[in-house]
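My structure is below; once you've seen it, I'll send some questions.
First chain written, first letter: the chains are A, B, C, D, E and F, and each begins at residue 1.
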Amino acid sequence: MTESHATTAYGRSVTEACRRLGYSKTVETLLTLAALEIKVEIPIVRDNGELAIFTGYRVQHQNARGPCKGGLRYHPQVDIDDVRELASLMTMKTALAGIPLGGGKGGIACNPHEMSQRELETLTRKFVKRIHREIGPNSDIMAPDVGTNAQTMGWIHSEYSAIYGHSPAAVTGKPLALGGSLGRDKATGHGIGIVVTEYARHRNTSLQGTTAVIQGFGNVGFHAAQALTALGVKVVAISDSRSAVRRDAGVDLAALSAQ
Amino acid sequence: MTESHATTAYGRSVTEACRRLGYSKTVETLLTLAALEIKVEIPIVRDNGELAIFTGYRVQHQNARGPCKGGLRYHPQVDIDDVRELASLMTMKTALAGIPLGGGKGGIACNPHEMSQRELETLTRKFVKRIHREIGPNSDIMAPDVGTNAQTMGWIHSEYSAIYGHSPAAVTGKPLALGGSLGRDKATGHGIGIVVTEYARHRNTSLQGTTAVIQGFGNVGFHAAQALTALGVKVVAISDSRSAVRRDAGVDLAALSAQ
Amino acid sequence: MTESHATTAYGRSVTEACRRLGYSKTVETLLTLAALEIKVEIPIVRDNGELAIFTGYRVQHQNARGPCKGGLRYHPQVDIDDVRELASLMTMKTALAGIPLGGGKGGIACNPHEMSQRELETLTRKFVKRIHREIGPNSDIMAPDVGTNAQTMGWIHSEYSAIYGHSPAAVTGKPLALGGSLGRDKATGHGIGIVVTEYARHRNTSLQGTTAVIQGFGNVGFHAAQALTALGVKVVAISDSRSAVRRDAGVDLAALSAQ
Amino acid sequence: MTESHATTAYGRSVTEACRRLGYSKTVETLLTLAALEIKVEIPIVRDNGELAIFTGYRVQHQNARGPCKGGLRYHPQVDIDDVRELASLMTMKTALAGIPLGGGKGGIACNPHEMSQRELETLTRKFVKRIHREIGPNSDIMAPDVGTNAQTMGWIHSEYSAIYGHSPAAVTGKPLALGGSLGRDKATGHGIGIVVTEYARHRNTSLQGTTAVIQGFGNVGFHAAQALTALGVKVVAISDSRSAVRRDAGVDLAALSAQ
Amino acid sequence: MTESHATTAYGRSVTEACRRLGYSKTVETLLTLAALEIKVEIPIVRDNGELAIFTGYRVQHQNARGPCKGGLRYHPQVDIDDVRELASLMTMKTALAGIPLGGGKGGIACNPHEMSQRELETLTRKFVKRIHREIGPNSDIMAPDVGTNAQTMGWIHSEYSAIYGHSPAAVTGKPLALGGSLGRDKATGHGIGIVVTEYARHRNTSLQGTTAVIQGFGNVGFHAAQALTALGVKVVAISDSRSAVRRDAGVDLAALSAQ
Amino acid sequence: MTESHATTAYGRSVTEACRRLGYSKTVETLLTLAALEIKVEIPIVRDNGELAIFTGYRVQHQNARGPCKGGLRYHPQVDIDDVRELASLMTMKTALAGIPLGGGKGGIACNPHEMSQRELETLTRKFVKRIHREIGPNSDIMAPDVGTNAQTMGWIHSEYSAIYGHSPAAVTGKPLALGGSLGRDKATGHGIGIVVTEYARHRNTSLQGTTAVIQGFGNVGFHAAQALTALGVKVVAISDSRSAVRRDAGVDLAALSAQ
């Protein structure tokens, strides 16, 4: 993660956009500041009996167009600058998509790969218990992100609903049994296929004979590879955080996925 | 204000105390982190019609012993490190005083001396509107501090009560007409007299013939000077942010105050 | 009841007071207007099976000094001008008594003497159900008045507590079993004795040999007669809404009360 | 505004309807009374620094079929009889339209043309702060009316949402950016075209060659003139509160609107 | 009613299902226990002036898939085992129908045929007043059942909405005027026709020439008889709690219904 | 525990009291029924990773005189009859003591001696999460009882306060650091000394030379033994659930306690 770069990217975009539009410095500031930032300390007892303290964040960048919306990520390098930047991008994303939502983002500085399910559940529920007054269907709606998944959203839903009654609209990306949307798993990768198709149409070119390399082979990468292949793009290389594969005749997605 | 020094002072105290008591690093961390930190962006229209944006903070350092308690200061150099440090000191202060309250502190980065009453009222009320779910008699109780006063507390009380019903316990240091305490103005300065008296008793010495210099001649400084004078201490110099006076025969408090 | 006179009396007092104090017309207006006036239509099914509609009022004149406080009266001639006037007087009364409460008053236009207990209970509970969001310990506290009593307050307490949990502070003048105050029945009459005593002291005169006539022989009149008698005042005549008695040697209170 | 006439019209309608339907006097009374009437005093500091007091009203005539629904008007002659009458008409309107809403109406006695935007915003927000417990998506939904507009609804939305979370359903007629409906500006004028079309069909006559005069050339009048013109009706005269124009060959709407 | 049999039936189903699916004893227990059971004592004054006490129940068997949903029945033999069993069946029913709701059920032990409308209204409203915190659109949604009807739901809706604002989603089976669904009266009987049709299709047989006997001639029985007749099934006998009719040529439904 | 005996004892007392006072059967029923009974299923994951289900109860017998008040016990044989009986006795106890509280009691069927602190904490917090809407300072106040202690109350306080803000009045018997009362540990045993003293005074006899045997040597038994010894009563035998000791010269309390 290169948060500072992302921050810069966003900041540069806003500065440049305000310049072109003739907007004032105050408007530029409004677009870069966050309406609300929350930071909480979450002590939990780990499975080995020791007390550990994790820091959680939730940033509501803008709710002018509707409740804030954005992911919750669990990653060791999560910090407030990171989360603010990502929340800002959500404000842009929801506005560009024309949906009545603002932008938010959250995170807990932890390594979910080194924590048990019980520890993750305890951490997640305690986080909700700390910030429950500021989130919910009318305020701020969370979603899975790096290091979190449908199960995480289920815990949030459960903890929130114990206080306010059954509230499926408090999170998206939740398990299907709680009202989650079909097809969410492949949605982002599928979207890459749509973007590439539109790009080709826009450039008046054909995708036949083109090749692609894919960085990351998780949920997004796998479905993107499938979508591109279906469009006639040959995926010749794929890497993830631990290894990489290259095959000029096209990577065998099924075989790779089976590993 | 030398916040970094204050921070260091508190941090050093905790580190040293944990060492002497044999407390773990985790406990030390718990004592230095804050349970909840909130940062909000508050845009208001100034009297000249321009939009201005102020940043407000509220930190709840510890509520293990009761609702958080602590001042709200308006000062251009307020920042999150400053507020966290001061909130930590409030946790210590309430615990040492043995009252069932935790420690909190807040602030807005602004220069109240350059703002009109209308601007200050708008700013204060909007700050309450942003954080009202996290404050109140059972959660976090505000008080006057640098740059704020009984009027500020009255605005907070009014805005909070419009939502939750008449809530005098939501702030201390409020106007007498709203249930404020008699004698609050002189309480801190008066306390300095008590501390000095106890110190002399502890050292088995007399205050007669001793001298004092006082830095700051606001609410605290004036009453401290009076209290010390009444104890037989000669106040030979007084300074405030703009000037200073020295008179070896003793500063004339009444004349100085009349200015 | 001569409400218009009462209104005039209050209005004249405010006008005259503002004139003497040099207060502006706006302040005078603020003191005569009510912060909040509520009027509700309350349909109930009477014991004979017919639908009847009663009009209820609640006026919160001023809550600047604390929650509003004032009686609820059941009388056929209750109207909004009446209730506003009485609420205004409560603002003065609580302010003069130096207690942290504002002034309120309410009423329902009905004849409680022609209604069954079931009808009165239904009417009272439905009134609470309509206005519950605006009343309560932190907003507006009711008390018995003309045509209402401890039982009425018990119904209000019950209906309010069903929504918000046990709330004895929502009404005063409630039954002892619900936390009502001892001595409330005789308090007003007893107070007349105190006022008369203070008046005599102020005028430097004696009450011995003086006489009194008492208009009304309900809760207040009876205890006032007792209090005056104990002070050496001879009560020579008493009247109520239906009859009158005169005895120059002093009315026999015990005999009269036994009727 | 001839409120008394309107009142009479509604009263006469109800009386006549109940007579024809054989409904009792009690039902007739129920239909003319309002379930809830609120009146509040709203002091604000005007731009010139003086305190001014405005009186606001909200009447909920009937919520038997759903939350109350109706406009909020700012006009110097607004009074409680006016507002009650208009709320009653909303009950009829929503019932006849077959939508699950009751009837409400509100107003503030003020002259919005003589007030600055800051004053109007302060007044509107303070009004919401006084009555927020009685309004909202499940209780009473406001809309623009005489002297108010989408901006007014935006302020109401903002103030209400600060307390209860993002609540676009608390008002209708709000800005598009907050979820307002497309086409609302022209809806009422457009409806006049539909009514006239249906009337002609019902009378089995043609609109060709007919003429119209239009009283008022605001939002409704302009779009009505356009709709009528599109139907083949010649608009030969238009007036507003300050002037009038007549042209037998048909008024030039585009030119008039450009002024 | 043979509750114990029903209980056994459900219990046997769960036990057998868990056996076939290889589920643990704990899962089996989870499926048979209820998440929440509430029992309340409801004293009301009967029309004859005497105090009577009724016992009410509400069981929320499972809310894992959404708010609980289920009927409220008024019957002298209602008890907690009965209600828990029926709530369990609702969990199964909503899950099999694939709608995002859990299972609930409630009841009051009373004989509605021996109670006046006023008594039933008082009883119903008081029941809601006792359990209102546990029911509602996000928690537990009631519906008519044995001994209750649309009017009962209307009372629940009214009492609930007085506290929480207009809440049509708090009950189903409510009067049309409050948002009830068209066709609900005939829905269950109509469904029997659908089930029989599907059964015949599944068995590859014809309904022509078949006969039916119907036990119960209330809302369900009448519409079931109509639906079966429309399918070509001859209804040769019908019984209700008081009498029975048999006619081999087919019962005359119109004549029977007219009685 | 011989719950059925206790039930009988209470039932017999009420029956006999109503007979002597000439109270009706309905009043007798009212006194034996509970206003509200709640039963919840609480699944937790045990330390060994298995799912276990515990049943929890809370009974509010009477809140006519104030919020319910009573212990929460953890014991394998807790059932609804047990808890209802104990809640009834609390109604009597608070009424006889003349404090403005009603009677409540709760329990969870579990063996706290076979559960880890983590399991007990999870179980307790989940129980609060299920019933939080029905408990609290204005509704129902819990206290330690068999199998629970100050730590249990601390968990309840923490879980409840996370939802409603710092609420020390939600439980009694809480840790001193949370506002618990000094001397609570010895209060019950100390009370036995007072009762015995009063009994002797009433019987006009002396305690010198009397002996006592004590069943149970927990918190109550130990302090009772101390109190009796201080009164001159010789404690000659003490037993607990596992063993017994007899010494005619008087049991050595200090030695016994040291074990």
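Assume a contact is a pair of C-beta atoms (placed from the backbone, for glycine too) under 8 Å apart; a residue touches a chain by one contact, two chains touch by 3 or more.
Everything numeric in this text was worked out from a predicted model, so none of it was measured.
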item	value
Any chain in contact with subunit B as well as subunit C	D, F
Same vs different contact residues, subunit A with subunit E, by half of numbers used	different
Label of the chain whose CA centroid is most distant from the centroid of subunit C	A
Chain located farthest away, centre of subunit D as origin (C-alpha)	F
Pair of chains joined by more contacts [C-beta pairs], A-D or C-E	A-D
Rounded Å distance, subunit A centre to subunit F centre (Cα mean)	50
Between subunit C and subunit F, centroid-to-centroid distance (C-alpha), Å	44
Geometric centre distance via CA averages, subunit D-subunit C, whole Å	40
Rounded Å distance between subunit B and subunit E, as computed from the means of their C-alpha atoms	62
Residues of subunit C engaged with two or more neighbouring chains	130
Each pair of chains that touches, named by its two labels	A-B, A-D, A-E, A-F, B-C, B-D, B-F, C-D, C-E, C-F, D-E, E-F
Residue numbers on subunit B that touch subunit F, as the complex places them	63-67, 100, 136-139
Residue numbers on subunit B that touch subunit C, as the complex places them	161, 164-168, 177-179
In the complex, subunit D residues that touch subunit C	24, 26-27, 29-30, 33-41, 43, 50-53, 55, 130, 133-134
Partner subunit D, residues of subunit B touching it in the complex	45, 118, 129-130, 132, 162-163
